[in-house]
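Per-chain numbering from 1; labels A, B, C and D assigned in written order.
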């Protein structure tokens, strides 16, 4: 079968590999749709540790083609979405209900072969059932959505409240929809590209600001009478960290979601954090949320098609991952 | 009567003023004991806004001498502790159950006359009943303790868990006792002065480290197998902010309590916060905790006498506040 | 001015009384719209304690006509909604952030004159600003809505989850909208009257069942794959208490909101509660939620006009309150 | 080897069976101490479903004697405590962080052979490391303690608060110690046997009442000024359910822990629950708490020896389980 393989740092190619077999407790998934994620680009450049060689692709959806020994929940033919993150279940973090912080975390499409391939073999427990008639492209959004839901849990949005979201990539545009879904009366997106601001407004944001043209801290504070109840940082740059904290209302929640480079330092002002009681809540990965994400995707409550800006085949994966995102790119979907 | 008055920046004197009268809804308190707090020194230097002239003293305890019109809960003679922070009750923060973030907060001993005097007139609602036979010096600890309880609520300590406390002033030494009381199995105090480390061990800390002699991050991580469940910063300096975050376990809580100078920036590493999911929870003042603090003081569960390193009269207040704390000083009590 | 007065048990009349004057700290409100609530009927019958004689009416909205001494937040002309519940601020419950459980709670329209009158004098702190151009009838919904928001806080609805609501009165129909607003994917209303079930579906419910024709426990369990994440009881009868608990999923929340008669006992099965870990969370009154309710009403996110089934003048108040609700009645609004 | 086997309802015998072998992913534990629990008596009588024949014993501790294929965390010789409850990891409850509500829960000592035997084979993941020098009898307390910790998490005890515990069996006496450890200032045990009340006082309870001689509701309300902040029901009888709810303060938590017979109904008064906002929180089994229980046992913070009223060998297990508990019995320990 064909697979897009990361061979070594900055070397990726689509080539023929042996079709995997479902081992004991595993299922073999025929991949129907897989999303390219910013992390794939980091892995390509060696900025994020992976197995090598390895088939990338950690956001995917497909049908169960065959089942390994001992598998009981699937018989074949089901549409499933895969949670790529495999927690060990027995380290202190796992035993404390924090599998996202598992000391021995492995991941499909990172430390073992993933979904940029015609088939992938995965442990039964990582697969979540979807309705048979769901568009598999929607199913491929379950993984980023599950991460967003974890952030939303930490955000504690209340009906009628205000939410500011910094960064208008696919994550920011999912967050806009989730904030709306949670009943936020004011949903503000801050991003530089005009097309994304427009899309956010189309998706239900009530306001959108360009950080290169507007003093976003003042704008959000004016609009909300002192600061947003919740601010979600999804850009991963120092500027949004500083402005994001500054635009959170006294007693509000600042959710840290964007990934800044390892080691990079950003100055904060503890006095302001303290007297304003702004809580900083990081949200990392998808603990106990993949199930809810699959259900939410299945419910049709989210607009996902608009987020897909390009669809490619396996042969083009390396080219897309090897380059910076094009202007206007939101989500590239691979259909093997 | 005599009162220790802040007249203007860096000018303080004990002099005779008119004895206050309990206005409508107020009680007149005969002050029996009042604590000097680090904030008093900041107010003296003009680093923290106050009325001027004003009688300082926001941690105090005394007996009700007379009652103003409409007062129903007191008749005279009761021993009371005073919550100095007066919230307006009707600003957005007050209406959101966050009176510590009240937009119109005033404070006894800061914006109106306080407890470094023979008498003080305060609104009835700011007074909390204590058992008649309680040592008034203990009652004077209710205010700092109430702030600590708010921090403890944010810390979410679990029985059997580990807590590291940075800064061994009166606050740190109260926190040690509270962490112990919450069932923490490991309570680690980090402070430079050896006498304070010894006192912490006497008060129930299981370990104490000198940050000038030990790599406290490694020490705490070794001792706890990866980081403390909860870290409480009570020193208010950049170093403890950085080391404190670094010694918090993955998924743990870092409680920000110490007051750093306004405007001072401290670098943090967002990548580490994110992948370790360390939550930063500031705790400011005493929302809904003064009642519990008074009850806790009354229960006798805390060792408070050991924290009093000096007792002075009203005439010596200006001298103590006008100087830096002496080596070994923990809490100075004023007995008018 | 005219006022609808409860004179003694089961005796109510609209008559001329002296126009009230705004005392110190009070404002005089010209009432524009006031809602009749089921509790008004209980007060009429003497089943709920009130002052007597007293002007009823605890859900109202109007403009500030004059202000008493010391009032600073209003100058006259503002549109306001009134929180009728006046907490003392200093009892143990108030000092524990539970003003709805205040030991000395008084209430406008219950223990002092309320809003079924041309004017009402109320403490400044009970008034919440609304946009000047808001329909005052919408403003009159703030009070029941604030109670519902407290219940919604206790419910902990998650995006994509399922919510069953029992009882299709005005409360149930507000809850349907709030559950929808919180992102619930399945919102199920259970009530006997067909017209209400239809209205619920119009307002966003995904399903509606008639408890006299359907086994609602089975229906909800089937629909949700084992029970609703959240069940909100808004009928106040023994049947809904029992079926409501039984239709909650394992680990789910049952919110008790309906008022059953004092002293009435209902059997529950502790074994089932335990092994299914169904939590019973009562929600009573509106602690810290009136502000959010006012903002939500102002945002226009709720459909309120459809809930008004009749509008009357002051002269008809006694007749409506003295009788049982008519079939199809949801909310009767009084416009003085 | 010898094992105490439940053969059929009410038929139990200690006899020779084949020594188990550690299968793949399993470890073989040499049992050093195992506790007899009230549930064992229910299983004996067929009131609780089990496999049959089966070796009972779900509270045990021992050393790792050999390891199966693929086991990496143990090499042999380690002292371990066993969590008997095996969750499937992939049902909706497991994926929602509620493994105690797992739809396919199995249990060691219930649906597969347990610890009333010389050896037991268990999945590696069910074993938790203890310090090598810990008394294995203490290790055997980890399981009931883990269940208690789950209840304590739900109780939300605050330092200085009041806790009433109903039922003075081993569970109640562990709860007394945990409430104390959480900083409760008042810990009240209610149980009929005088010897248990005395033991509770020895273990740190501040008060103990005899429900057959005292009106416990009045006694607790008087002592706490209106009701305990937290009430934990550990008797499993209708009387304690009713009195327990009635002695909870307004806004307090009633934790349901005792197991009443399946199907048994107990009347409650919804009106009282509502206007007092007493939350009913059931706590079932030990989700994510076995690790903390093992650490707590290891820390030595609990008095466990006093709770052991008898120590027997394998041959006497059937006799003890086949009879009602003797007067004064708290915990019987089996040492194979």
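The working rule: a contact is a pair of C-beta atoms (placed from the backbone, for glycine too) under 8 Å apart; a residue touches a chain by one contact, two chains touch by 3 or more.
This is a predicted model, so every value here is computed, not measured.
Engineer: To get from subunit A to subunit C along touching chains, fewest steps?
Structural biologist: 1
Engineer: Could you tell me which chains make contact with subunit A and subunit D both?
Structural biologist: Looking at subunit D and subunit A together, the chains touching each of them are B, C.
Engineer: Counting C-beta pairs in contact, which comes out ahead: B-C or B-D?
Structural biologist: Most C-beta pairs in contact, of the two: B-D.
Engineer: Between subunit C and subunit D, what distance separates the C-alpha centroids? Give it in angstrom.
Structural biologist: Computed from C-alpha means, the inter-chain centre distance equals 42 Å.
Engineer: Mind checking the centre-to-centre distance between subunit B and subunit C? Centres are C-alpha means, answer in whole Å.
Structural biologist: Between these chains, centre-to-centre, one finds 41 Å.
Engineer: Which subunit B residues reach two or more other chains?
Structural biologist: 92, 96
Engineer: If you look only at subunit A, which of its residues touch subunit B in the complex?
Structural biologist: 92-93, 96, 98, 100-101, 225-226, 241, 250-251, 256-284
Engineer: Under the stated contact criterion, what part of subunit B meets subunit D in this complex?
Structural biologist: By the definition above, subunit B touches subunit D via 149, 152-153, 158-161, 178, 181-183, 185, 292, 295-296, 299, 301.
Engineer: Could you pull out which subunit C residues touch subunit B in their complex?
Structural biologist: Where subunit C meets subunit B, its residues are 73, 89-90, 92, 95-97, 124-125, 287-288, 290-291.
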